[in-house]
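Shared chain: chain A. Partners: chain B in the first complex, chain C in the second.
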Partner chain A sequence: MPEGSTGGSRPETTPGSATAIPKNNKRRNLMELYPFPLPITPIYLPSITNNPLSWLVAGYAYWTAFPKLALFSDESRANQPSLTPVNCEYEYISSAIIFKVTSPSGMITLWRSGFFGKGSLSRSDPSWSTRTARRVMGVGTVLTSEEITNLRRQERMGFKNARDRVQQMELELRRLMSQETTPEKIIKERTAVLEAEKTKLAELRADLQKKPVKLATTPIDEEIREEDLQLVHPVTGELTQLEYLQLMPCEAVFLTLIGCLKVPALPTSWSVLQMVVSGSANCEELIRCIVYHHYRSLGWCVRSGIKFGTDFLLYKGGPPFTHAEHGIIIMQNQKGCRNTRWVDISGTARVVGGVKKNMIIAFVDVPEQDAYAKVVDGKEHDEVKLGVLYGLYKVTEVGYRRWVPSRNRE
Partner chain B sequence: MSQTTESSVLLDIEDEVQDWRALSSLSKSDQVIPKRGEKDFEPDGTDFQSNILEESRTAMYDALRGARGHSSKQHVQAVFHQSLGLACVEQPKGPFFKSMGKSDKLNVWLTPEEVIYLAERGSISVLTELGLEMSLEHLYSCIYNEDNANVIEQYQVYAHLKRHGYIVMRHEEKAEGTPRKHAKQVEQSALAVISNVWKSLCLILFHGKPNWGAVGIGMVKALTNPATALFTPITQTSYFQRASKAVVHYLRQLKLIPYPLLHPQHYLSSRYTSFKQILISLRIVPHYDLFESHEVREKSPYQITYNVWKPVPSFKKSDPPTPDFQVCVVNTDTTKFPSLAEIQTLFNTSDYVPQSTDTSHRGIPNNKVDKNGTLKKPTTPAQKATLARIARLRKMDKRLKFGYRNVILAITNCGVINYVRLSEVDFSREEVYEESVLRRGK
Partner chain C sequence: MTSLAEIVATNLVHYNLWTAVEDVVLSSRTVLCGAPPPTSVIATDSSTVLSDQEYVLPLLVSEKLTLATLDGIFREIAERRAGVRPEKVIGGILNTDGTVVYYFIWDGVAKPRKN
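On to the complex of A and B.
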């Protein structure tokens, strides 16, 4: 029973949808909830038919429309495209930069379209306010991923307890059987009971894998402290938002580059990039930005892979759709610079393989420092510079996978 | 994991402890793969566990007690020629020689690892050139040579693969110029040219690629070579440049022409009608292409050591097919993790059956079989589309997991072998994003 440890939430599936293609409905729901892989919406033209009038309509729509930022309103799931990018603050804590998005609508936008960032008080998506609203004010019915995990864990505990009981019964029976004085009749009775219990256990197990998670009808008895009550605004009755969405530096660079994020003090993506890189051509953060950009531009959802010992994880749709499929390790392809230890790479591969992901080594060609400096010190516009700089690097992928002789023979 | 579930098949079989009782049931000719039962963790006070252990032990001894040996008719003798480093078999008998050794007109010649392997198995006896029986120790000392420091590691890998049932032969570098290239699709049809021109025109006109001006100027230059001489003095003046800047700025504010790519305003000012276009416009990081590394060949400590085939009855050692796997033996004490050039050199020296690199969306929908074993045929177009989609994604996953060309590294560390498959993967050829009606939202 693989445990969903990828930081992904598994939203409710509708029961009884196990027809020919069961996953389709779930996918449809998710697609409606998370329609865009980036916070931009392209122009969707009205359909073109044989009627020449429809051509005019489409043509007019084409010339008047522009892509928008996919900004969602909080309450309804309907998207209201907007033209203003999400605001982002940054602050230094000792020498590290933290990029923060604090507005609730911005957090939702960045999470729903592309799964950017991580909620500071949540496991991945910023769900603190939902959970706290239910706990303190008793409102809301949507389950957050943390709550689903908790419920699943409780269910599994229940199953394990039941299994322990059955095993205990089995042991007692064995003991009885080894004593010659036990009458035959008792053994027979006990065996029948045990068999019944075992079938029950098997059913429980099957249920565990199929059953959708449901919110418990009785609220969880948790003590509400005074501090909790202080979170609720006395007049409006609204919850104070304590959570913010923290972005990786490479996410912040990428989002400003596509115009979806605005760091007020840093007007262009180039200035955001300059903020996080060190000034040498082989700066690790710069290479992370480039590799991140590479996979985002190919349509993958990229998130940090620190939990699995890799630089990045690639998701096909995003955490709610599927588990991550690939773990990316970045290596610089420089001559005379090989300090990868066999032990390290083997260990990482074993972990990545153990959670059923595919390990990819992304070798990055790094330009000479002179070529780098020439671009950085050049007088071009910031956006031109950025394009030229990214063009100096190059990504090559090599798959690394354990091979087992006994399993490849047939 | 306490029960045998489907997923446990994927777990590591190697890490399991052998239950020898399976052997006694096999000898009774029922050909069922034994099920793994529940694990016991601690003594439970009954003799249940010890009985199982005893049964297993007896089964193992029974299996080992069976008389092994060969008839005198099958007895094979080899003569080890120290100067050649090879052993000569004058009368080859038995099934081993189907996939081992090299035969000339009279004899079969065995390589050192083949001799040791057969001698360790007890399948041949080895004599010196003087006709004296050689011990295993003697044989081992004879195959050690100074040119090849990894000879023991190579033998360990050889024997390990042989004992797993594979056919293993030493890899010989083929003459240069053997085609191992990818089959490139022919794309230069007239239609493709036209559509490419159209595509680039669209990009220039609507999406404000930063080099659109350069393209235009290049085209003009090519057409009217003398005329450019007239225009350059004008376009070079700062007044003209300032004026043109102002015009461009004004036009951008009117949203008549878009901001250049990577400008924060770009995606709000240019016209993209699908997500795919947006993604394509973002692809500015150069990446590896399948067709480019064929020339990389460096002298490196990484050389393919063995060709490995899955055991097939039709195997002919005189005319072997393309190997299923190619193994490069590496010693962790002497060799570091390979660089990219070394990995690519390995790919380039491997034997590769060129396969289609077509990654288009066409997929054959494979029919689903339900629990009762009956075929479920897709009925509605929606179901068909879903099945086609699943088939396409599966193919893509396979390419990303196993790659195109690949080589297996046998990483040895003091006799422990770890096999790793390095493969050539190309994410840039795959289209993971799916444009769908569902994406359009409501």
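On to the complex of A and C.
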């Protein structure tokens, strides 16, 4: 099985979901783990019917829910943890800005409700401390997605080595057969051995293609490195948390806009946006924010597509539920911008097609610089301004698919 | 204030489990030098087995790189290794979501790897 066809595109298994559970059950567990598509907890109110009794029930429910609506006092907000925005810091790394969430509860909230951000030392959800605690201190039993991937990789590696061995044997046998002097008996013996090995190899291959990961955890006899020892507190024996949840600038803007994130030095989503954009109407980061907002608004879970050379990946639900369905590349109605060469598009399309995703070109109509400047310098309130600015841009999309006339009919 | 090199170094040590990762300060930028974990053999093919001293060039995803810059980096590293140019440098590219992706940058033509 070639690495490229499976690596990276596998749905990520989440902590808590043991891998042997049947499919439907697993899906239900995931729905319980990740019930909300955004870090907002809805208040469920009963419906009002013709039955007067339901009026009473509804009246009571509205009465109790009223203070939770958090429109009136900050105290009621405090009782509703999900409505409290998660705190976020930012930092410059040369010319780039990174947004960090360091509080454990904030990291969990943002990941579990809508899959925002990425653990700085993990593939997706912040699982570094779980992995490291097991590796260094030998505690914990739940496998993280990275560890599952590793086990699968080892299995594949074992298969490849076995395949190499069989190929060597086959070559050797052919060499012997071509020599007239080789006795018949030896050839017969060798052929039998080779056949047996080939059957074993086929079994190994079939094992690999079976879906569930074998949880027979191989004893890890990795040495503990000096770097690991420095992580453990000498007195308390606790592991230092090195990981934080990193948000893409477009995620930070989106989350502050919907009131789920607070960057202390930047009070509004507009000021967050101003930190990450350059001031021109076709600024790439601004366009990313707009495209991100566009797909989030349509209910998609949007994540970075860097591993496949695209701008974004769209997930239905989120990474633990399914593979990403679409890869998005952004194009503008401007001369000299990225992704306008057919060669680039075709290259990306082959990669995206290779991992069984659709490629979608998000085409953004960028307004004139004058119109942009008018909004930026305008007198509107900051929160309104962002909406007005986004309104100047228009996102349309085109699906792109390679079609080979001689092979495909549809 | 963290630097790009520090972020990539942390990723190498604590995500990819490299050891002895050190800064190598060149005139224009800082590259990293370290040892991959013993198991990180990419293929059974000998040409892609990582050595115990690999150079990593930290990059930003927005950064534009020229061949002249790359050549300068190979040359400066060579100066520190008695004139021997490393056969490859690994580009460690930091994305805006915190992912670091790694790519080999070979000094010339490399033997194709077996799949």
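FYI, the second predicted complex is superposed on the first by the 274 of 410 C-alpha atoms of A that agree within 3 Å, B and C clash if a C-alpha of one lies under 4 Å from a C-alpha of the other, contacts with A are read in each partner's own complex, and residues count from 1 in each chain.
One rule holds in what follows: a contact is a pair of C-beta atoms (placed from the backbone, for glycine too) under 8 Å apart; a residue touches a chain by one contact, two chains touch by 3 or more.
Everything quoted here is computed from the prediction, not taken from an experiment.
By the document's definition of touching, of the two partners only chain C reaches A:Ser95; chain B does not. When the shared chain is aligned, chain B comes close enough to touch A:Leu257, but chain C does not. In the superposed model, A:His293 makes contact with chain B only, not with chain C.
When chain B and chain C are set side by side, the one touching more residues of chain A is B.
Of the two partner chains placed by the overlay, neither chain B nor chain C lies in contact with A:Val57. When the two structures are aligned on the shared chain, A:Ala371 is found in touch with neither chain B nor chain C. Of the two partner chains placed by superposition, only chain C is touched by A:Ser120; chain B is not. In the superposed model, A:Cys283 lies in contact with neither chain B nor chain C. Applying the stated contact rule after C-alpha superposition, one finds that A:Ser304 touches chain C and leaves chain B untouched.
After overlaying the two complexes on the shared chain, residue contacts for A:Thr132 are found with chain C alone; chain B is out of touch. Shared interface residues of chain A (contacting chain B in one complex, chain C in the other): 2.
For chain A in complex with chain C, the residues that touch the partner chain are 2-3, 91-96, 98, 117-122, 128, 132, 157, 160-161, 164, 222, 225-227, 242, 246-249, 251, 303-304, 306-307. Only residues 1-4, 7, 10-11, 13-15, 17, 19, 37, 41, 43-44, 60-62, 94-99, 101, 115 of chain C touch chain A when the two sit together in their complex. Note for the complex: chain A touches chain B at residues 1-2, 20-21, 24, 27-28, 31-32, 35-38, 40-45, 62, 65-69, 78-79, 83, 85, 163, 171, 174-175, 177-178, 256-259, 262, 267-269, 290-291, 293-300, 316, 325-326, 331, 333, 335, 338, 340-342, 345-346, 349, 356, 358, 360, 363, 381, 383-384, 386-387, 390-391, 393-410.
Remark: chain B residues 2, 5, 7, 10, 12-14, 44-48, 160-161, 164-166, 210, 255, 260-275, 277-279, 282-288, 310-311, 325, 332, 336-337, 339-340, 343, 368, 376, 378, 382-383, 386-387, 393, 397, 400-403, 406, 408, 411, 413, 418-428, 430-433, 436, 438-442 touch chain A in the complex.
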